[in-house]
Each structure stands twice: as C-alpha cells, then as structure tokens.
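Both complexes below contain subunit A, partnered by subunit B and then by subunit C.
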Partner chain A sequence: MRNTQGTFSFLPDLTDDQISAQIQYCLDKDWAVGVEYCYDPHPRNIYWDMWGNPMFDLKDPKGVMMELADCRKVHGDAYIRLNAFDNTRAVESVTLSFIVNRPKVEPTIRMTRQEVNGRSVRYTHEIVR
Partner chain B sequence: MDTLATTVDLRAEYESSGVREVLDELDRDMIGLAPVKARIRETAALLLVEKARKTLGLTHLTPTLHMSFTGNPGTGKTTVALKMAGLLKRLGYVRKGHLVSVTRDDLVGQYIGHTAPKTKEVLKRAMGGVLFIDEAYYLYRPDNERDYGQEAIEILLQIMENNRDDLVVILAGYADRMDTFFNANPGFRSRIAHHIDFPDYTDAELLAITEHMMAEQNYRATDDARTAFGEYIGLRRAQPHFANARSIRNAFDRARLRQANRLFAAAEGPLDAEALSTLVEADVRASRVFSGGLDSRTAEMEGKK
Partner chain C sequence: MADTAKNTDSTEIKDKKERYKSGVLKYAQMGYWDGDYVPKDTDILALFRMTPQEGVDPIECAAAVAGESSTATWTVVWTDRLTAADQYRAKAYRIDPVPNTPGQYFVYIAYDLILFEPGSLANLTASIIGNVFGFKPLKALRLEDMRFPVAYIKTYKGPSSGIIVERERLDKFGRPLLGATTKPKLGLSGKNYGRVVYEGLKGGLDFMKDDENINSQPFMHFRDRFLYVMEAVNRASAETGEVKGSYLNVTAGTMEEMYRRAELAKELGSVIIMIDLVIGYTAIQSMSEWCRNNDMILHLHRAGHGTYTRQKNHGISFRVIAKWMRLAGVDHIHAGTSVGKLEGDPLVTQGFYNVLREQHNPVDLPRGIFFEQDWGDMLKVMPVASGGIHAGQMHQLIDLFGDDVVLQFGGGTIGHPMGIQAGATANRVALEAMVFARNEGRNILAEGPDILRAAAKWCKPLEAALDVWGSITFDYTSTDTSDFTPMPSVSL
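Then we have the complex of A and B:
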C-alpha cells in the first residue's frame, strides 16, 4: 500500500533531478536539509532515524544528494525522507518533508476493531508486511 | 540538444559570458602578478574553447580544473582564487561559484572517526563552487604516521576524481613546502592540471598597492609621506617575516592609527574632511621599521599580525 506521508506523496516518485530541484528551492530559502530513514512507517511513529546531522550552509543540492546516495546504499529498502528546517522563528522547525525512497514492497496498514465496555469500539492500526 | 550549432563566435562568447569583465577586473584590481594574469588568461581561453567545442558537439571530457597556487604570504593567492571562482562560474564550469576557504583545522578531526564527517561536511558546503585549501601541506605530517590528515587526503582525492563536475579544489601554500607535499602525495600531483606560481611584488608594485589601498579607503598621502612609504617598503623587505601586500596593509593600518592619534592630540577646533583623510610623513616615519629595525621578538609579533 502506497505510503502517503509528507509532501508530493500522491505524485509519482520524484526523479533525482526533481529531488535536486526541490532541494535547490529549500537552499534558496535558507532552509537546512536533513536526511532521515525509517523501517516502520506507522503514521504514529514520529521517530525516524537521522542519517547524519541536517546540513547547514550548503549552496548546491549536490551535497544533500551525496548523503542521500550514501543513505540509499545502506538503507535501500527503507523509507527515506528529506526534511527542510526553517529557522526564521528561532527554532529549526520542519517546514517541508517529502519521501524520496521507498521499499520495493511497501507494507500495508491493518486496522483492528476492538469491542470494549459493552458495544463501544476501539480502533488501532498496525503495520503488516 | 536536438540541433547543434554549426559555428561558434568565440569573441561574442567571450563578451557575453562575462569572462571579459572578470579578466578586466583582475587587471584593474590586482597590481603586478603578470605571470599569474597570463596563466589565468590562458586558462580562460582554454575553457572558452572547450565550451565552444561542447556547443558544437565535439567529443570532450570535463577538463581537470583543480589548481595549485604557490607563493609567499601576501602575494594575493586568496584574492585570485576568489576571482577564479567567479571566472569558472561565468564559464559554466561550476554551478554556484562561491569560494569555501579552509585550512587543516577545518578538515582534520581530533579523534578517530572525526575526520571523515568533518571533511565531508566541508566538501558538501563547497559543492557547486571552489574549495580553497590554504597551506595544504599541513594536511600531511610525515613525522606522525597515525596523523588523521592522511584520512582527509584520501577523501579529498576521491572527491576530486569522482565529483569533477561539482567542485574545483585549489591548494595553496609556500612553493617549496608544496613541492614536498606533492612529492609525498603523487595522487595530488596527477589530479592537478594547473600550477600557478605567485611571484613576490617589487617595491614599485607594493607602493602602487599602498596607493590603491589608500584610495579605496579615502585616504591621501602627502608627497613626503609617499616617499616615506617607499623607503619603508625597502627597509621592511629586508626584515624578517615580510609578507608582501599583507605587511603593507598592516603598515597602512598603523599609519592610520598614528594619524588618528595625532589628530586627537593636536587638533583644536573643527577638522575638515581634508585633515581627516591626509597621512603626513610623521605618521609613517614613526614606525619602528625606521629606527634600526625590529629585534627578533617584536619581528615575530609583527609576522603574526
């Protein structure tokens, strides 16, 4: 099941050139860009692993693309996303986040219902591979 | 590109790409350095022709653009590197044309596993521009085989080879020590196509530089002060830790200091712009260089400034 977290996720996967262009857009706005990866794409899992620190003071998207290439080499079967951080409010707040790499077979999310307290229903979701 | 141009006008290309502007600026702003300017013109011509060949669809490889600038301190290596970055940007050989200037400290880490990320971070910042490594020979310390500099060198070499389209590396330093460095690291020598040697400035050139500096900062020297500066240059050159234009800039800064002091101590009533921007002979003559030179300790401090 296609994971639709983050920006551009309803579009076809971005090519490397398109990713570069998006990074260039971020750099032009003075945003720092960080690479993160994750094997557990549950929507409630907000803790993705960082691939190195976010990159500051870059001028050219190539720097990020090199890190992305390194990350793909090691975690080719994980979700990889790029986060752009905007510091105009004096905190590095994520302002753009999009997935740039997906596993070959994406896991699905299964919803389970549980009846509690009489006929009340609780819902929960889990990742199924 | 579906249709290729059949002819190319080098002259028009030269004008429109803005290369001419950079070269003119180089001629105007940099005094002396004739061999350096000649080499840069040659390089610019080569790159222009390469670019023209590319538009005509002739087979070409991205030429190796990594350079080494050798010369004594204060001979304008960093300034020329900055111009070179602008030139390469206009010719389209680097995408952004910014200059990232680093030394050993920025590349080499303190402990195991620290060097590679540090070097890579610098390289990422330099992508699309020019990486200027000042005093590059400090990267290699033959006396300590466990020195982390070697690790930085290996990463650099790899990037210089694989990312030739993405960045240009300029190594700079004293001529003799760079030679030793290249001999110890043949990988560097073979990856660097352009070796440019920066000669020392002559006394007349240094005086011209002084005047250029003064004009830039809206200062004016009286004729006597100018003569004094001329003598100063001759004397300063003979003393230790002479750093060409940098020594002269420092001398000028100290003359400004003395001028300010003099005005402050002597002036009564309002001063006009003329008085505030004139350096007189006494401002220059008060330098220790005239009183029989510096003893070695002060000379050392002078060199560090």
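Then we have the complex of A and C:
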C-alpha cells in the first residue's frame, strides 16, 4: 500500500534534483528544513524521529541533501520526510512536508472495529508489516 | 467632501434650548453629521453605499443612516439629556459620490465603542443593520465594509481551531486541501451516501462534505448518515495512511438538537462538523464555543447569503459577512471561486480571502477593502472555494488563492467518467503537480495547461478529466465589483 501522507505522495517518487529544487524553494522563503524518519507511518503518528535539528540559516540545499544521504544510509528502509518550518508570527508551524524515501515494501494498515452501543463502532488503526 | 457639507441646515444645533425643543429636527441638526469628526482608534467604523430617494439631501440622508443605526428616533426626546448623548450618537463624517454611479454615495460612519456589548455579533448587527435598511428616505443601502478596533476584536474568541491548528491536526501542509460535496445532495440512503464518501476519500481527497440542505430527512436520518460516513472515513484512512474527514452537517431546528448531533459526531471520532449560515449569528457563536471545547473543526456553509450580498446597491457585502464570521469563530467558510459557476469578481473575491486569512489588512480599494484592519492575533479562517470548479483550472485557482484554501470539486470528482475514485485521484494529482511546479519556480499561470497535460501522460484519470472538462469556463459579468478610482480626489 502506498502511504500518501505528505505534500507530493501522488506524484512519482522524486529524484534528488527535484528534492533539491523543493528545498531551494523553502530556503528562499527563509524556512528551516529538517529530516525526519519513521517505521510506523500511522495516520496519527505525529512525532517521527528527527535526524538532527531543523537546519536554520542555510543557503544551499546541499546541506540538507547531505543529511538526507546520511539518513538514507542508516534508515534506508524507513519512511523519510523533509519538513519545512516557518517562524513567521501567526504561522509558526510546518509549511511543507513531503516524503523522500519509502521502504521497499510498504506496510499496510489494519482497521479494527469494536462494536459498542447499538450500531456505533470504535475504529482503531494498526500498522501491519 | 461634498460642497453641501457647508449647508447651514446640516449643522448641528448647539444651543440646548433650540436643540431639545419638542418637535422634529433634521438628523444632521440633531448631531448625526459631523464633517470635521476625526474617528478615534477605538471607534467602530462602517462604510455604507447609500442611494437616497430623489430630492433627499445626501448629507441629511447620511446623518439619518448614522442616527437610525445608533440612538435616533424620528422626533426630539428630552430623555436624551439624561445621557451623554453627544457621545452615543453615531457620526457620519465623510461622504463621497460613488465613482461613475450617479445617485449613489459612500458614507463613512463612526460608532463609539460603548454602543456595543462585548463578544455579541447579535448586538453589533442589531445596531448596524437593525432598522436602518428599511428607512423610507433611502432607496437602497448596502453595508460595504467595517473596521473594528482591536479592543473590540479581543472580546471575541475567534475561530475554534484556525488554519494552523487545522493543518497540524490533519498533518497536511504546503498545499490547498481538497474536498468534494457528496452528490446528489438529496435522496441517497445512508449506506449509498457513505459509499460516495469512501470512494472520494480513498481516491485522494482530504475531505468530503454534506450539502447545506442535508440534515435529517425521511430518506436519510442524521444518525444513519453519521454512522455510515464515519465507517467510510476510517476505512479510507486505513487505505491511505492519511487523516481524513467529512463535514457532518449538524444544522437543525433547535440548539438542543444541534448539540445532540454534534455530540454524536464527536463520539464517532469525526474531526469536523458543519453548520449553515441560516442558523443565525448567535447559534454560530454557540457552535464555535462547542467546537472549541471539543477539539472540533467548524465548517460554515454560507447558505442564504446571496439574497443580500449579490446586488451592489442594497444589502451587505460578503466581505462584511466574512469579517463577522471570523469574529463569530468559524474555521471554514465558503468564500467564492472567481472561476467557477457562482458569483465572484477575482479581485473582490481575493479581498474576502484577505480579511479571512491575514493578520493585517491595508486599505485596498481594488479588492473592496476601505479600512485598515488589525486583527489583533485573531486566528485565521480557512476559505473554501466550491461551485463549478474542475482540475483544468488548478493553475488559476492556486495563482488566485495560494495554499490556505479548501478546493472543492464536487461534480468534477463524482461525475468523472472512470468513477469517483478516479475523479478524486485526478484532482489530487493535478493539485500536487501544480504546487510542485510552482515551488520549482515555474510560471504556473502561463504554463498551467502544459503542466497538467504532462501529468496526464502518466495519470489516466487526469487525462480523462481534462478531456471532459478541460474547456469548460463560466465567463459571465460579475454583479459585485468594486467601484473606485485610483485617485479618490478626482471623483469629488
């Protein structure tokens, strides 16, 4: 199952040149870019592990690309995403977040139904490899 | 300022004995016109487009509008003298002829802050649009814009989640959100309805949406709809790994029933509920309060607004409704598409988006914004573009509205020749491809059609969508455009 979290998951997997161009867009806007990875792409897994802090004051996408390459070496079979942070007042949040690495075989998600109160159902989701 | 400002008949009578003698005075003589008044930072300001009846002096008419929307009655009353009446009177302080429109005037009126109850839209509107619109000396009247002092803004809690919190909850960043209204809007059984929701969400939409008039009718009780829709939402989440939602419309005949429906939506785990503008301002503020206490996003459908926002000479501009709804605390509001099937001049529509999404609005006459507005850190409302838009217009929509908008392609999703999932996929691919290209520095307005065709080469559903709808446009003249001249002094 192709997990479609992130801004560009419906596009074909991005090349390094394409990733670089998106990073440039972020740096031009003075956003900090961080690398994060995870093995549990649950829809509500908010805190992926950080591969170092977001990089502030960067001018050249190469800085991020080098970190990404290092992260891929160690976590090649994880999901890896790039997050851009905008510290503008009234934003102060993520402004771009896209997946740049996927496991060779992506896990699926099992939905469990718990019948409660008449026809109501409680739903939970669990990652299955 | 018009020359008539110097007409002595329009001057406030300062002599107390004369002023408070029983009988009828002109509104201007009673003190509702003051051409020298300098608005205070703490005043609430309103701009009306006024069309006086033939033979009615525009200044006297402006004073009457100020009077009838504040303290005046038709005759002099001595009980005014028990109050600080001079301060309670609203003051018309400026009047400009509307450029190229004989018989119409822009009237600026200032209201002292003490006239209004904190945090009550009902109270504000009972003054500003209460009696005055039916006043006989007027042929027509339109409330074009308002300016609220920060002190007044701060008496409202504003959006219950706002754009940033909504995005963090949904884990969706850097692109417009994508939605569709479930169709047909009336007649589907709960089970069939949920099917449409599932197909749309699985295919790539972030949201599905109830229509404004789908409540709890004989063909589909609301409980049935909510249960089937939440099965669909959760299944789609499992199939995609994404957080998904469907606006569950809780609009009902009483507050008690709306709360009941909202509680069920919460119990079933929905991230969002929906209400219609027709439930009224107080009900909207109450539902916003409920949403704030229950971690719920609040979607507002602007059902009914066209009855009073569309005609330029009479009613209320939608930009005022947008400001009121930001105060009332909705998180989503339909604000027009410009390129779709419903009314909307592109610049005027951008003006609506600006008052919903920006922290500070400068004066922007081409976009219909007459006042500078500081929002005092009030959260931002996510505008929704819905009505006759399709994937082939993606470049125009992103160019006009940017990322913080929900683009809703109802017919363009459900009417897709290859099915609903394919329709949803076509829209999602078009959206992501266009944002991606824009970020790469391409000129999407010029290259948009090429970017879409390139994506359609590897995405059959998009190819089919462009083949069916690629050439559909709605080119009609807008009725609601802004009237301004670049140099205001030229028109005086």
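Going forward, the second predicted complex is superposed on the first by the 124 of 129 C-alpha atoms of A that agree within 3 Å, B and C clash if a C-alpha of one lies under 4 Å from a C-alpha of the other, contacts with A are read in each partner's own complex, and residues count from 1 in each chain.
We take it that a contact is a pair of C-beta atoms (placed from the backbone, for glycine too) under 8 Å apart; a residue touches a chain by one contact, two chains touch by 3 or more.
Since the model is a prediction, treat every value here as computed from it, not as a measurement.
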Taking the superposition on A as described, I'd like to know which of subunit B and subunit C A:M50 touches: first, second, both or neither. neither
Between subunit B (first) and subunit C (second), which does A:A69 come into contact with in this model arrangement: first, second, both, or neither? neither
Which partner reaches more residues of subunit A, subunit B or subunit C? C
With both complexes overlaid on chain A, does A:D60 touch subunit B (first), subunit C (second), both or neither? first
Can you list the residues on subunit A that touch subunit C in the complex? 1, 3-5, 7-12, 18, 21-22, 25, 41-44, 46, 83-84, 89-98, 109-111, 119-123, 125
Subunit B residues touching subunit A - in the complex, by the definition given at the top: 95-96, 98, 117, 120-121, 123-125, 127-129, 163, 166
For the subunit A and subunit B complex, residues of the former touching the latter: 52, 55, 57-60, 62-64, 66-67
Sort out for me which residues of subunit C touch subunit A in the complex. 164, 167-168, 171-175, 204, 227, 230-231, 234-235, 237-243, 267-269, 359, 377, 380, 425, 428-429, 432-433, 435-436, 439-441, 455, 458
